[in-house]
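Here chain A shows up in two complexes: once beside chain B, once beside chain C.
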Partner chain A sequence: MEKAITIKNLKYQYDQNQPLFDGLNLNIEQGQWVALVGHNGSGKSTLAKLILGLLVADEGEIAVLGQTLSEDSVDEIRGQIGMVFQNPDNQFVGATVADDVAFGLENLEVPSEAMSAKIQAALEVVGMEEFTDREPHHLSGGQKQRVALASVLALEPKIIILDEATAMLDPDGRQMVQATLKKLKQLYGSELTLITITHDMDEASLADRVVVVNDGQLVMDGQPNQVFAQGATLAKIGLELPFSMQLIQRLDPRPQNYMNQQELLAWLSPLNK
Partner chain B sequence: MNSIVIGRYIPGNSWIHRLDPRTKIILTFVYIMILLFANSWGTYLVATIFLAGVIYLTKQPLNLYWQGIKPILWLILFTVILQIFFTDGQPVLWQWRFIKVTLPGLINAIYVVIRFVLIILMSTIMTLTTPPTSIASALESLLGPLKKLKVPVAELALMLSIALRFVPLLMDETQKIMNAQKSRGMSFSTGGPIKRAKAVVPLLVPLFVGALQRALDLANAMEVRGFKDADHRTRYRILAYHRADYISGLMMVLFIIVFSLINLKGW
Partner chain C sequence: MAITFEQVNFSYGQGSLSQPILKDISTTIPSGKITAIIGQTGSGKSTLVQHINGLLKPTNGKVIINDFELTSQTKEKQLVALRAQVGMVFQFPESQLFANTVLEDVMYGSLNFGQDHLAAKEAAQAALTMVGLPSQHWDKSPFALSGGQMRRVAIAGTLALNPPIIVLDEPAAGLDPLGQAELVKLMLNLKKQDKTVVLISHQMDQVMTVADWTLVMHQGQVIAAETPTTLFNRPLSWFKKVHLDLPTAGQFAQQLMAQGWQFKERPLTLEQLAQAINQEVTIHE
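And now, the complex of A and B:
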């Protein structure tokens, strides 16, 4: 199967003496849900911007769905990738929810008659269909991020990147967005590659694969339970384990594998008797 | 900050709300132009009746319109004083040195007040019933012919609508920064004018830095969603004139005819 994203020997630096990426290699399969985790300044957001061509790499090759990123292909590649940013307010272009979803469609020169149906469909997927004519300052952060997700979905991308999309949200909003992501994954399955950039390990635990980045290096790469099993290494680079894992470590006797909250609850409940 | 009515949009579904924004802009403009020809009690009376009809059709509480006039009361008062004391003519009602009050001056002053209030109210009706983005797209449509003169109308309209979209956000941010600074002992309302002006600087710097960051983020978000330039885009909201627009156009023509007749007769 064709790779969704291939990164070969990527080099990039913000200023002369401090290379951020010095020969990074990463492959992401189509249909995978990959969580890219790392503490602030580890380079994970920069990586997303490089993939989208918002920043230009100094050296190396980035290919999206088999197409190498270059000045000529950047528009086409952006057409395949949708991105949701951190700040819910700063990516809301339209005056109302519907206008915001329409913005991307307008750019693609979708005929006006076809827009309403697409907007409605995208808003239904994220559960915001009742807010069509709402203005952004009457929405919560979680709702705005779901609208941002709908704006991206309306463009029917193959890959969606969420760059710390839940970092500025309250717990409720975060949960709403994460639930929406799970729903997306169920709906589109292997049609959609999802990349969530985050430092929230509970969010990372939802993914199929967790890639840990530190100082521009890939430190760990594997299924969530494999990565979370190495708590000491994670702690060393300033990352916290998911809540359930922190709890497991304080238990005695304790389960040998990583468990999410539900699994852990199930494991604990017989002991309660 | 919620007391500012000028330029504020109140969502609704009245007859006036549903009019095409272009209709509202053109008719407001025509009404204000016509008003400049008013020169008698009769003409002001029809203009007032017409406006009252429009206000009735907006289905908004009258108090809202009063809020719209309040902030410019001082300006009206100032003009009235100028009119009353510095208009020449006969008969002179009262005089002290070079300052005198004449009957034409008094009448003029009343005319000016009415004219002022009518103009403000009509513009308030337009902004009150039309979402800012609709005004932006109406302007884009109305100024369309300027594209031939290489005026970037589409870009300007997009800039305008984005600017309007960020107004409430920046207001919130201003309030937050002010609160943060007040909590650390800054005062924005005491001291002389110089001290107050100085107090604004530490407010503006974070506000500008924040606005620039927002602009960068927004540019990224727009680019990622495929924005290249403002010309090669389709439109989600298509402006179209409906029956109501023709009817209101007709009402305006009727108003102009009645107005002109009264104006000619000098009633």
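And now, the complex of A and C:
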């Protein structure tokens, strides 16, 4: 199967003295959920912009679903990728929730008789079907981000990139969006590649694979439990371990491997006799 | 500088269309401490803090900020004196950066308040040092900085005016762990300088770490005014009712208790939780 994204020897710098990426290589399989983590300014959002062709690499090659990114292919590639950004208030164009989801479909010239079914289906996936006629600015942050996600889903992309999409939300909103992402993965399986850019390690722990970026370098790449086993390295680059791992490190006796909160609760259970 | 609310009511609109937002609030924000205001979205937190610098005036009642009395009758002219006392940092303050360089941006407020160039520059440099932004960035465009750095520049703009009261609305939202830790350090530093810090926060872990005092808002009222430890030891049913979370450690402890674990007191920090678990395990071995 084709890779969802292939990055070969990527070089990019903002200004002449500060190379950000200096020969980056990264492959992402179709259907994978990859969490791209790193502190603010580590280069993870820049990488997303390079993949979308919003920025142009100085050297190297980016391919999306087997197609090399170039001036000629950029429009087609953007059609395959949906993007949800950090600030829920900056991504609305419609007067109602339904209008907003319709906007992208109109751009694709989807016939209007097909449109309302597509809108309804996308809003159902994110659990916002009852808000169709509401004004977007009256929604909570978590609801807005789910509508943004529905707008993207309606276009049936092969890849969705969420750039710090939960960073501005309150805990409830964050949970809502994370639950929606889990549902998407169950629903679409290998049909959908999900890339979440985040510095929230509890969110990263939901992914199949965690890629850690620091100063434009890949410093770790593995399953969540492999990455979270290296707490010292993460701390050095300004990242925190998930809560469960921080707790494990302070326990005596303690489990030998990373566990999420539910696993840790189950592990602790027989100790309380 | 303490802030006292005396029977403060605030409504938008008038007559039959009026919508009460704050309902009969009487409480005090202690001087020289960090006070966290918590409550779900729409509970009235932002409306409450906008009464501290007179962006809003009470419909009834008064707010006493040190020796300044804010009532419905307070004139705009009089508010100048209040605004020098209270620095406000809104949500995502980096969206208000505008100058060509970091230093100019931070100096802007002082120059506006009539300070000369040299004094404004010194105040700006002191504020940038306090927020921990290295001097190599001071002559850069604020827009060349990372999100966390921009946030700090914006906060420095407020600190440069050296107000005795500083109000921060969700200052850590969107920052990475390092940025959040810097911010906690900054708030503790401000307290050390005897500033009164008011913090709106959704992050209970942060509230537990930095706050000396908490006000809980619910449907326009202050329903709790106490230390974080007292607050977070309230029954779980109370938190459900007001739609608030416990700190992460408290949530985890609660799940253990549902499995039959017993703790003398509800652990509220990571350290307390680990200690409580280890102790229980040792007792039973």
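What we mean here is this: the second predicted complex is superposed on the first by the 273 of 273 C-alpha atoms of A that agree within 3 Å, B and C clash if a C-alpha of one lies under 4 Å from a C-alpha of the other, contacts with A are read in each partner's own complex, and residues count from 1 in each chain.
In this section, a contact is a pair of C-beta atoms (placed from the backbone, for glycine too) under 8 Å apart; a residue touches a chain by one contact, two chains touch by 3 or more.
Keep in mind the model is a prediction, meaning the values are calculated, not measured.
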Partners on chain A (chain B, chain C) - clash or fit: clash
Which superposed partner A:V93 touches (first chain B, second chain C, both, neither): first
First (chain B), second (chain C), both or neither touched by A:G41: second
Touching partner for A:L155 - first (chain B), second (chain C), both, neither: first
Of chain B and chain C, the chain that contacts the larger number of chain A residues: B
First (chain B), second (chain C), both or neither touched by A:G82: first
Which superposed partner A:S112 touches (first chain B, second chain C, both, neither): first
First, second, both or neither for A:L271, with chain B first and chain C second: second
Contacts of A:L65 with chain B and chain C, given as first, second, both or neither: neither
Which of chain B and chain C A:L239 touches, first, second, both or neither: second
Chain C-contacting residues of chain A that also contact chain B: 87
Chain B-facing residues of chain A, complex: 49, 52, 54, 75, 78-79, 81-83, 85, 87, 89-96, 98-99, 102-112, 115, 119, 136-137, 148, 151-152, 155
Contacting residues of chain C [partner chain A, same complex]: 40-41, 92, 144, 146-149, 173-179, 202-203, 243, 245, 248-249, 252, 255-256, 259-261, 270-271, 273-274, 277-278, 280-281, 284
Interface residues, chain B side, partner chain A - complex: 131-133, 161-162, 164-165, 168-169, 172, 213-214, 217-218, 220-228, 232-238
Residues of chain A touching chain C in the complex: 14, 39-41, 86-87, 140-141, 164, 167-168, 170-172, 199, 238-240, 243, 246-247, 250-253, 261, 265, 268-269, 271-273
